[in-house]
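For reference, the structure I am asking about is given below.
Going in written order, the chains are labelled A, B, C and D, and every chain counts its residues from 1.
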Amino acid sequence: MIIVLKNDQATAAIEELKQHFGSQQEIFVHNNRVAIQNADPSDLTPAEQAAAQEIITDVPAAVQASRLFHPEDTIIKTPHSTIGGKNFTLMAGPCSVESAEHILKMAQVVKNAGATVLRGGAFKPRTSPYSFQGLGKEGLIALRNAADRLELDVVTEVMDVEQVPLVEAYTDIFQIGARNMQNFSLLKAVGKTRKPVMLKRGMSATVADVLNATEYIAAGGNHQIMIVERGIRTFDNKYTRNTFDVGVIPVLQKLTHYPVIADPSHAAGHTEFVTPLALAGVAAGANGLIVEIHDDPAHAFSDGAQALKPNEFNEMVVKTNAVRQALQSIE
Amino acid sequence: MIIVLKNDQATAAIEELKQHFGSQQEIFVHNNRVAIQNADPSDLTPAEQAAAQEIITDVPAAVQASRLFHPEDTIIKTPHSTIGGKNFTLMAGPCSVESAEHILKMAQVVKNAGATVLRGGAFKPRTSPYSFQGLGKEGLIALRNAADRLELDVVTEVMDVEQVPLVEAYTDIFQIGARNMQNFSLLKAVGKTRKPVMLKRGMSATVADVLNATEYIAAGGNHQIMIVERGIRTFDNKYTRNTFDVGVIPVLQKLTHYPVIADPSHAAGHTEFVTPLALAGVAAGANGLIVEIHDDPAHAFSDGAQALKPNEFNEMVVKTNAVRQALQSIE
Amino acid sequence: MIIVLKNDQATAAIEELKQHFGSQQEIFVHNNRVAIQNADPSDLTPAEQAAAQEIITDVPAAVQASRLFHPEDTIIKTPHSTIGGKNFTLMAGPCSVESAEHILKMAQVVKNAGATVLRGGAFKPRTSPYSFQGLGKEGLIALRNAADRLELDVVTEVMDVEQVPLVEAYTDIFQIGARNMQNFSLLKAVGKTRKPVMLKRGMSATVADVLNATEYIAAGGNHQIMIVERGIRTFDNKYTRNTFDVGVIPVLQKLTHYPVIADPSHAAGHTEFVTPLALAGVAAGANGLIVEIHDDPAHAFSDGAQALKPNEFNEMVVKTNAVRQALQSIE
Amino acid sequence: MIIVLKNDQATAAIEELKQHFGSQQEIFVHNNRVAIQNADPSDLTPAEQAAAQEIITDVPAAVQASRLFHPEDTIIKTPHSTIGGKNFTLMAGPCSVESAEHILKMAQVVKNAGATVLRGGAFKPRTSPYSFQGLGKEGLIALRNAADRLELDVVTEVMDVEQVPLVEAYTDIFQIGARNMQNFSLLKAVGKTRKPVMLKRGMSATVADVLNATEYIAAGGNHQIMIVERGIRTFDNKYTRNTFDVGVIPVLQKLTHYPVIADPSHAAGHTEFVTPLALAGVAAGANGLIVEIHDDPAHAFSDGAQALKPNEFNEMVVKTNAVRQALQSIE
């Protein structure tokens, strides 16, 4: 249940509830709201009940992710970005970090287009073990240097618990890949850090699955979480790699306070469909975009087919900006 | 195969090809392009080959739907609308025609918002036989009268071959519902008329399935076809009724010349998500929207949960127009 | 609601309930059970309530299909078969009727293997309009003659309302194809006949969808209904044409009294997987099998890739019989 | 490519090929077959070509998993079981290890039914972080002791790289859960051990995805791999938790030499459907079953709804044995 406390009694009541329930149940506090797992109103003392302005009993398992517990938007601040709420965050970069020179060149494209976050994979979760697996630490260093040179934030994937300290040393935002969305050990590990986490939705993850996955991170005390829609698996992937579930953007934004980012690149799988999907995501209200770019897609180390060339990326940004401004001017 | 004829030899070569192949194979002509089913270049005479500027052998089964056969956009003209190409067509109305008074009231809302097509079901394909099945002919009459009073076109569903003449007498555009997308007898029947057909994608129809379904209509000589994306069935329908496959809009527009209309209402299933999906569809380049409205959704005869109220619809139109204009101003 | 009447008061109470509700609500009677749509216990008079042994209010929309209304198995009798309950019915034949000679040859194979129903399509719902569409009436005649010569029943597909009288004249069982599962006009039309109907599950039809589709048939007074599981559409159809949902067999048998037939041919799509799927279906408790066979699959007019050759079919029958007998010997 | 060497030249040719390609390309040898990644016949010297009896160029990415590379069945030997080929392996136990007493009691049921592998989770991948997460090391000890007392093998889940040494110390077979099927770091870690690995198919994993996941294990040198079909996610999970993809069993057995085990419990999700799915899996040719049991399902720590009670489990075993014997008697 979630107990919404009367404002003038909140401080004292929170202490009392912690004392009463804290040793047995999980208890979470946000402003004047207290969520207690596995308890119901009949467990409250008369004094506790009297301090409540409202008691909500129909509560999802992922209670910390819910707007019932945390009504206002989560805003995440990184050195160069403010993510969530009315802000719009553009993230871009190559699929893989390929070399120090290349990532710097791409970072310049990213910066020029007005983006504030540089993406790039140093550890790559490839379907086949014989595909390029990423440059590892060397890639992290190159990525960090390029971002620092151009005053950009870094987002990069962490693939297992052991990599967490290494990646943490170089990134501003941890990325958890779609295939690891329910790697609960990894979620717990990044939940213990205090770096923001960008969680990609799994290929067949329901809305409840995604929110429960964020809860593994939040349960460790890390509340700086973003969710990425990157396309789901359906019965037809002949023309697009995945099916971009644009509807999940407003659905998630209704249910949770975490920012929702659209990834049109992995959904489209082919360059020609990236911009329409980016536009759809922005029009549906996404809090940001993460887009793959490459100056020579035919020779990209990975996912070249879906990488926008710099000029295509610039055109995409012009269009998505136009859509955002058109919608802002109405509100 | 598709034979692209040299322009100065096209007329004569078309006649020759018809004579050569017409009695055995299906043969279709569009300007200087001739599609012949079940034939390949080795079947051509030297003279026929000499008349060809290009011969395309990797041809989809739905050849008439393909841009390989018909490169330019199909433009459909109805009394009050021009559909396809750079045009944008707004269609709206209640799920069911409920009475002459009600449909007229809704038509006024539709007209005021700038839409040119009035939708409304007289024959309703309901999941259960015990649900309201529509007013039938009485509904058609009311729909036609309301549209005529306000100078709107009519689109309404036809459910079986026997209904075709009746519906044809009252509508400007036949609607084929998602559940009938592969009702091939019905597709053949509307293919023999010369009224435009709006074909809704089936719940689990692949892109190839949709295009093959249009081909059943085109095979009868009716080339005024629109395709509607109305959401597909995936593993999560708890928050939206279907998954709006926004990516299929640019995919279809690449492959086929027929206009592609977005139906955010059946995808969303809930009012609050209709506008974000409409915006996504428009941003992705849809040639039009078809939207359900109702002044009293709680008492609608069908699908009230997804009907926009008139003021909500007006807001949606303002927003979608803003997005369209923003994108047009860039091109 | 469903009212289970006390046996000694059933006859009188049924009359009273019909009088009370019959002019306004749909009312269905099965032995001492009366289902009334859109009514609840508070609508009953004290006398009506007194006649009830039990009143069930949590009732599915497809009430006539439900075991709550009709607890015992439906048994369907055709001239040469008894379908449902503890009976097992084997149906086989070519995808299409190709000629009088060929269907007779195939009928002999069917008969020799112990099957009692001959399948064969005279009207073929093909994805493309340019594929073979069936021999039509000529095919029906050939199919009927072959079956009569060998004392077999006929099952064949009817594709639209207009074909119903023609097909009815030649078949013992109407087949409704997967693509027409929600062609409600067609379901109503066969519901008005008194010939058994074999309804194939649509590619993405939920259990509720299937049962509601049967209800359209039952609403017309035709209660001789079979349901066929023939595979559903999922994210991987590279190796099998569809995903055989073997679990739906016991699920349907729990919820409904209609026989459930397994179609391993359309699920497998490739000969080598037909027998394993047939065995799975039988082991899971299917009331019968419908299997495609052909003596020369490479030259079959349709679906040759999934047709068992006569010797393969015979082996399949030996194996499925062995499994059935093994399971029967335990009960 | 895969080079099938002439038997009398195999030893020498293998050495030559290793020398030629081993420093640059990944090269795998199985008997007289040599797989070389990213190479084609034109890269071979005339002598190498002369030593080849056949060169296969259409090779899947997961080459070591393929029967093209390893035609004969993989047979896995654990202390009490022989898994794969014509052998049938029964595995059973509770979802979670709940206490030393309880797991011993369940082990006795497992043993009495003729099973040779005891399952039980000590680390539980639960959707919600607030659900029971397993007893951890204490659970492993209890599981090992129970198995040893009754001369059974142990299979238990390992959830992350760090847990590998601990779990390895107590188990005979590592289980990788469906949610971790593409946790590539974990796959690599168990690939470096020499304990058998039982890999559960992910909820929306294609056949190629599953085989590529096994390849991550095989690439580390561990070839003792089993694949488990445990149901996939489709559009209807109202009556069963997942859709049991029985067809994937013969498909996998055709493509790969690894044993394929059926898990009817997670597919069914409800006790009443476990036995029909187990029978379906066995009839389709599964190399074994893994089944969840509990003596008091209503109070199970996890997944009680799908646990068979001991008597239900015994009945299931009688039936599945009957089906296996019936099919064996025919071959």
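By definition in this document, contacts are C-beta pairs under 8 Å (C-beta built on N, C-alpha and C of every residue); 3 or more make two chains touch, one makes a residue touch a chain.
According to UniProt, the chain labels map to these proteins: A, B, C, D = 3-deoxy-7-phosphoheptulonate synthase.
Source: prediction; values computed, not measured.
Trainee: Centre to centre, using CA atoms, which chain is the farthest one from subunit D?
Mentor: Relative to subunit D, the chain whose C-alpha centre sits farthest away is B.
Trainee: With contacts counted as defined, which of the two, B-D or B-C, has more C-beta pairs across the interface?
Mentor: The comparison resolves to B-C.
Trainee: In whole angstrom, how far does the Cα centroid of subunit B sit from the Cα centroid of subunit D?
Mentor: Distance between chain centres: 48 Å.
Trainee: Round to the nearest whole Å and give the separation of the Cα centres of subunit C and subunit D.
Mentor: Their C-alpha centroids are separated by 37 Å.
Trainee: Give, as an integer number of Å, the spacing between the C-alpha centres of subunit C and subunit B.
Mentor: Here the centre of subunit C sits 33 Å away from the centre of subunit B.
Trainee: Give the residues of subunit B that touch two or more other chains, as numbers and ranges in rising order.
Mentor: Residues 204, 208, 233-235.
Trainee: Provide the residue numbers of subunit B that touch subunit C in the complex, in ascending order.
Mentor: Touch residues, subunit B against subunit C: 26, 37-38, 61-62, 125-131, 159-163, 179-180, 182-186, 188, 203-204, 208-209, 212, 215-216, 219, 233.
Trainee: Write out the stretch or stretches of subunit A touching subunit C in their complex.
Mentor: Against subunit C, subunit A makes touches at 204, 233-235, 237.
Trainee: If you look only at subunit A, which of its residues touch subunit B in the complex?
Mentor: Answer in residue numbers: 204, 206-208, 231-232, 234-236, 238-240, 243-251, 254-255, 267-268, 272-273, 276-277, 279-285, 318-319, 322-323, 325-327, 329-330.
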